Each structure stands twice: as C-alpha cells, then as structure tokens.
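The following pair of complexes shares a single chain, chain A, combined with chain B in the former and chain C in the latter.
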Partner chain A sequence: MIEIKDLAFSYGNVPVLKSITTSLEEGRIYGLLGENGVGKTTLLTLLCGLKKADSGSICTDGENPFDRTPSLLEKQYYLPDEVAPVAMKAEVFAKERGAFWPLYDHEIFLTIMKEFENDPSKKMNQMSAGQLKKTYISFGLATGCRYLFMDEPTNGLDIPSKAQFRAAVMKYTPEDSTIVISTHQVRDLENIIDPVIILDKQDVLLNASIEEISEKLYFDYGTTQREDALYREALPGGFLQVCPNTGGEESKVNIEALFNTVHAHKELIKGMFNK
Partner chain B sequence: MNNTFNFKRFGKYLAYDLKSVWEEQRVFLLTYALIPVITYIVIVFFALVGHGFSMDFSDYTLARPSIAVRVSVFSLVSVIFLIFFPSRTYGFITDKAKGSAWIQLPASRLEKFSSMMLICLVIIPVAFFCAYLISDALVCLVDKNCGSSIFSSWNSLDMTSYDEDGKSFKIAGKGIWFLANGVLQIVSVFLLGALIFKKNKVAKTILTLFVISLVLSAIIGLAVSTIDIESFSDKIQAWALNYADNIDFWANFWSNVELAVIVVGLGIWSWFRVKNIQH
Partner chain C sequence: MEFNPNKAIYLQIRDSICERILSGELKPEDRIPSVREYGASIGVNPNTVMRTYEKLTQEGVIYNKRGIGYFISQEAKDLVLESSRKEFIENELPVMIRKMELLGLDPKELFDNK
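Let's look at the complex of A and B:
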C-alpha cells in the first residue's frame, strides 16, 4: 500500500505538485493521466525514490522511497520513458541484473521476449527504440515486483506489441501488485487500467475505479444531443456524451472522454467523487 | 533485512559492478596499458625509416625508448588515465536513464558507494599499473637493451630532500608511495567531478581546480601580506632546527595528514552526492 500525504515538489521556484494526497491500493493497475507538464513523471519518480519530496510524505509499506533501502528496492521496479541502451546482450543483462530481485524469473523474461518477438541474444545498444523498450518491459515484468511504475510504456511500441504488452501485464504481474502506468496513449491501455488517476497541477482531480466512474457518470453513445451533457464529442453516426448518471444506468467508460470531462468541469467532478 | 550493509549482498554487487566496468572500460584500459608497446613500435619504426636501427639528432642517437623516455611516458599516460577513467567509469550516475537504473538496483547506498570507491581507488589503478608494467616488461623481453624496469626506477626516486646548514634529510617515502599518493588524490578529485558535473566532467573539474587554486593563492597572499614574514620565517627555521632529528617523521606526518584530509574530504563529499542524487 502506498500512502501519499500533502506531497509537494518543485523544480527551483516552479511548483509542479502541490499538496497531493491519495493512496494506491494493492491488486490494482492505476492509469496516471494528466496534461503535459502536470507532473506525472515527477510523481512516478517520487514514488520510486528517484526524487525527494519538498514537503509531505510518501509511505510504501511503511518506508520512505527516497531512503532507497534494498528491502524496498527489491519490491519495486521503475520503467522510465527513456531507457538506457547498454552494450550487453539482453539475456545477459537481464540475468545479471535480475539476480538482485529475489522474485526475478529468467524464464518469464525469455517468454515475454519471445511473445514480443524480440531477440534476447541481441546487444541492447544495437536494438531499435521499440525493441529496447520491449526488453525493459520484459525485464520489469519478470522481476515479479509488488510495485511497478511505468512511464509511457507503450511509446515506441508497434501495434501488435501494444496488445502483447497488455496481455503480458495481465498475465505476469502478481495479483497483489500495485501498478502505476503514466500515459497519454489511453486507448492503448483502456482495457487494463482501473482505477484512473487524473492529475492536475494543484491536485489529484480524480482517483476512482472504473466501477465508481460508471456509477457516477453515464457515457452515452447515442444519436441525440443531451442537455445535461458535461462533454460531447461527435462520432461517425452519432455522439459520445458524458453526463451525470442520475438513472443508475450502466455504460462503458471511455477514458479519453472522461479525461476531457474532468478537465472541463474540475470542481464539479471533484465534488461528485469526493462525496 | 540489513538495509545499511550486508557482506553477501555487497559481494554480489561488487562482482556485478566489476563485470560492468570491465565490459565498458576494457578497451580504454588496455589501450592505455599498451602505450609502452605502441611507443616502442613508433620509435623503432622511425629509427628504421631513418638510419638503420637508430635515429640521429646531430650528437644524439635514439634506437629505442630510453629509461628516461619510458618513465616520462609512464608518468604522462598515468596522469591522463587517472584523470579520465573516473568519469568514464562512474560518470553515468548523473545520466537520467543510466543513473536511474543504478539507483533502482536493490543494494544499499553504502554498498554501492563502497564498491565505487574500491574499484576507483584500488582495483582499476592497480589493474592499470600491472597491465602497463607487464606491457613494458614485454618490450624489455623483446629488446634486452631497454634498461631497468620502470617500477624500480620509480621506486628509487626519493620524494623530496632538504639541505639546511649542512644538515640534510630525506623524506622516507619512496616513489611508489608518491605514486599511491598521486593516484588517491587525482582519482578522488576527478571522481567527485564526475559525480557533480553532468557534461564536460573533466574540463569542468580542471577549471574548478584552477579557480580554487586562484582563490586559495589570493587568500594566502592576503594572509602573508598581513603577517611579519621575517619573524614567521624565523619561527619556522627555529622549529625546523629544534626538530631536526626527526624532521623526516614530521614531514611525512604532515604529508600523510594532507593526503588523508583531501581523500577523506572528497570521499565524504562524493558519499553525500551519491546518497542524495536525484533524477
């Protein structure tokens, strides 16, 4: 369990995160969404201890991530957006580095690499950006970590690899793990992320499960315009509209539309979900 | 779990670190270590091209690198190697992608720091000097007229000597101690530079040293201008005469203190840099 309390961080005099309070539960795949520059990557790097909070606290299983203790490091893995091309064969890199994570399974690494159609005997500095990303994703999933933080993992992946990535995340992560995926490519991950966290400069605008979202918001894929629509988008042959779910109807949550709705009605949505 | 230092985990990390350093730096290290062979080949080649097996410079004949040339090349190459290898080996820590991966590796900060210091201050310099001396020995094996070994020539050098009123003394330390002293100081300085600066690490470190020496010179100059230099030098002379019997002990003592202060001070700074680095 990760508890974030009154977290603040700034780059020099430029505040990025102000008073963030939320908690991340086990057994969930969180989708971390937000506009450019709101601090998604900063939050991820704070969560994994790469940065020190200016004020407030992060508590992961009772520890501060910035202490960088081996006991916490071996329970977490952070996949940055930009990964390092090491002058080693992928399989050698994974085997040697994996020895530091007690639950690392080299067979799983090789299996995921095979599913990604990625050659583990290839040197990492000779790989394309997508192949390199897939190598690090395979390694991250093979570590068996309880806490997995991924920054834009589908960036640079080809179309089949995106589906393979979703399948691998569902198949190879422990049931009690907490996964936080920061992304702009919401359609790539729509089917696996639950709950959704929408970050704003000042605050967490939304931290709610898909079930909770569909209880409170209705996603109408009809052909008539609704007066109570908070957000409307024209689709071929109709509209996608997001409205308050006053009738308790079930609908399929569209995360992109949700994101736009939240940004158009920040206070209303916050009030709706904080009740 | 011991989160500060665990010998088993440290051993595992040190082996991993050494292997990574070897994978990344072996070409760099071996290139520098093979300089005696390269120098020998170059000189013999020009000697062959010139006048048979010798090069004539009016009254000077050069057929092979003399011991003076070999010791000079050794000193120069060693200094260049010691300046550049810390940033090549651990400069990646300031890089966002590589540095993040390094921080995330499950070993304690103290284990990572100890491994880095051991590799930089002991293992790589020893490996380099051994490889260099072996390479030099190979040259001497081929050419029996190469003269004495670099090691013995270096070790026979006295660190310093002093003559005062017919009394003379020598600091007990030999060239090998001087070499170790130099290695520790140079590597400590340039390792810290590699950990502080993100780009142009060596150039910025040299520039910083230059600025520091200018500032220190100005401060010392100011201090000297405010004191009575004659009575100060009289006091120093009186102290030297009083302790003339064990002056070598005191000279050694103070140079060791200086070395310890520099290495420990820079080591502490490096530790805090590694401990608190953020990406």
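Let's look at the complex of A and C:
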C-alpha cells in the first residue's frame, strides 16, 4: 500500500506537482495518465525514492521511499522510459543485477525473453531500442517485486511485443503487487489498466477503478447526438459520447474518451468521483 | 461470437463463457482458468475477469472450490439457456421486430422459407 499525501515537488522554481493526495492499493495495475509535462515521470521517480519531495509525504508499507532502505528497495523496481545500453550480454547483466532482488528468478527472465523473441546472449549495446526495452521489461518482471513502476513501457515495442507485454505483466507479477504504468499509449494497455489515475498540473483529477467509472459515466456508441453528453467524438458509424450514467447500465470504458471528458470537465468529474 | 463494443468488458467475457456453455464446449465440472491465467490469455486485467467470475458465481453458473479454482456447475446450461432466452426476448427481439417492420419483411414468409 502506498499513501501519498499533499505531495509537492518543483524543479528549481518551476513547480510540477503541487498537492497530490491519493493512495495505491495492492493487487492493482494502475494506469497513470496525464498530458505532457504534468509530472508523471516525476511522480514515478518520487515513488521509487529517486527524488525528494519538497513537502508532503509518500508512505510505502510504512516507509518513506527517499530513505532508500534496503528492505524497501528490494521490493520495488523502476523501469524508466529510456534505459541504458550496457556493454554486457543481457543474461549476464540480468544475473548480476538480479542479486539485489531476493525474489529475482533468472528462469523467469529467460522465459520472458524467449516469449519476446529476444536473444539473451546478445550484448545490450548492440540491441535495437525495442530489444533493449524488452530486456529491461523481462528483467523488471523477473525481479518479482511488489512495487513495479514503469514509464511508457510499450514505447518502441513492435506490434506482437505489445500483446506479449500485456500477457507477461499479468502472468509474471505476484498477485499482491502494485503496478503503476505511466503511458500515452492507452490503446496498447486499455484492457489491462484498472484503476485509472489522471494527473493534472495541480493534483489528481481521477483515481478510480473501471467499475466505478462505468457506474458513473456511460460510454454511448450510437447514431443520435445526446443532449447530456459531456464529451462527443465522431466515429465512422456514428458517435462516441460520454454522459453521466443515469440508466445504471454498464458500458465499456474508452480511456481516450474518458481522458478527454475529464479534461473538459475537471471540477464536475472531481465532484462526481469524490463522493 | 461478436463483441459488442458498447458492453462492459467483464460482461463481454461473461457472454463468451456462456456461449461456450451453450455450445457444449464447456461441460459441468469443467475447470475454468484462474483469473490471472484467463486475464493473461485474453489480455485483460485480472480484476475484470474476477468480476466476471463473481457474476457467474452469483448466477449459479460456476462455483468456486476453495484453493482449487472455478468450475462449471451442474445446472449451468439450464441457467444460461434461461437467462439468454430472456435477454433475447427482452432486448434483441424488439430490435429485430422494429427492423423487420422498417424493411417491410413479413416474419411468416421469412421463417417459412428458411
């Protein structure tokens, strides 16, 4: 369990996160969404202890990540957007680094590499960007961490790798782990992220499960324009409209449309979900 | 089966399992995959699959053996048949009737010729 309270962070005198309060539960795969520059990566690096909060607190299993205690470090893994092309064979790198994570399983690393059709005996500085990313993803999943933070993990992955990534995240992570994936590629991850967090410059606009979202908002794929639509976009066969859910029927949550709805009606949505 | 893009995913998964029960592919006492296995195989969050299993358990179509997994119940097919017929008559049939009226199709002629 991670509890974030009134968290603020700025780069020099440029404030990024102003007052973030939210919590992250175990056994969930969070999708962290937000426009460019709202501080998604900053938040992830704060969560894993790479940065120190200006004010407010983060509490992960009772500890402050910035204390960087071995007991917390060994159960978390951060996969940055850009990863280092180390001059080592992937399998050697993984085995050596794995020593820092007591639950690291080298067999699982090799299995995921194989599923990704990635050669573990290849030197990492000779890999393509996608192969390198897949090596780090395989390693991150093989650490068996309770806390896994991934920044744009599907960037650079080819089409088959995206489906393999989705399957691997569910197959190889412990059931009680908390996974946070920041992404713009919502279509890649639409069906695996639940809950959804939408971050804004000031605060968290939304942190809600798909169940809650579909209880409160109705995603209407139809041919007639609705007056109560909070958001509407034209599709080849009609419209996708997001409306308050008054009929009690549950529809399929479309995350892109959700994002646009939340951005167009920040206060309304906050009021709707913070009851 | 065809997916309805407007239906919540957990309900789409439910429909797919129900259809496999109706077709006889899933039989009483068959074990269905764990939520994580199933989620991984169709690329869906395990919590979503959990909601499907909870709903099917509530409906009596599947049951949980603690520590072993979920199984298709003895009366699954009858239950699914009943609920699917009800849904067809209440939701799909009116749409069909409306469309047939619009197209000027006579049900008698249409079904007799088939």
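Here is the rule we go by: the second predicted complex is superposed on the first by the 275 of 275 C-alpha atoms of A that agree within 3 Å, B and C clash if a C-alpha of one lies under 4 Å from a C-alpha of the other, contacts with A are read in each partner's own complex, and residues count from 1 in each chain.
By definition in this document, a residue touches a chain if its C-beta (ideal position, glycine included) is under 8 Å from a C-beta of that chain, and two chains touch if they have at least 3 such contacts.
Bear in mind the structure is a predicted one, so any value in this text is a computation, not a measurement.
Undergrad: Answer with first, second, both or neither: which of chain B and chain C does A:Arg97 touch in the superposed model?
TA: After superposition on chain A, A:Arg97 lies in contact with chain B alone.
Undergrad: Looking at the overlay, does A:Lys171 come into contact with chain B only (first), chain C only (second), both, or neither?
TA: After superposing on A, A:Lys171 lies in contact with chain C but is clear of chain B.
Undergrad: Contacts for A:Met1 in the overlay, against chain B (first) and chain C (second): which applies, first, second, both or neither?
TA: neither
Undergrad: Quick check on the superposed pair: does A:Pro80 touch chain B, chain C, both, or neither? Answer first, second, both or neither.
TA: A:Pro80: touches chain B, not chain C.
Undergrad: With the two complexes superposed on chain A, say which partner A:Cys48 touches: chain B (first), chain C (second), both, or neither.
TA: In the superposed model, A:Cys48 contacts chain B only, not chain C.
Undergrad: Going by the contact rule set out at the top, does A:Ala264 touch chain B (first), chain C (second), both, or neither?
TA: neither
Undergrad: With the two structures laid over each other on chain A, which partner does A:Ala163 touch: chain B (first), chain C (second), both, or neither?
TA: Only chain C; A:Ala163 stays clear of chain B.
Undergrad: Can you pull the chain A residues that chain B and chain C both touch?
TA: none
Undergrad: Mind pulling up the chain C residues that touch chain A in the complex?
TA: Chain C reaches chain A through residues 5-9, 11-12, 36-37, 39-41, 43-48, 51.
Undergrad: Give every residue of chain A touching chain B within the complex, in rising order.
TA: The contact residues of chain A facing chain B are 45, 48-52, 67-71, 73-74, 76-78, 80, 82-84, 87-88, 96-97, 99-101.
Undergrad: Going by the contact rule at the top, pick out the chain B residues touching chain A in the complex.
TA: Contacts found on chain B: 1, 3, 6, 9, 12-13, 16, 19, 23-24, 95-98, 100-101, 103-109, 276, 278-279.
Undergrad: Which residues of chain A touch chain C in the complex?
TA: Result: residues 27-29, 163, 166-168, 170-171, 175, 191-194, 209-211, 214, 219-221, 250-253 of chain A touch chain C.
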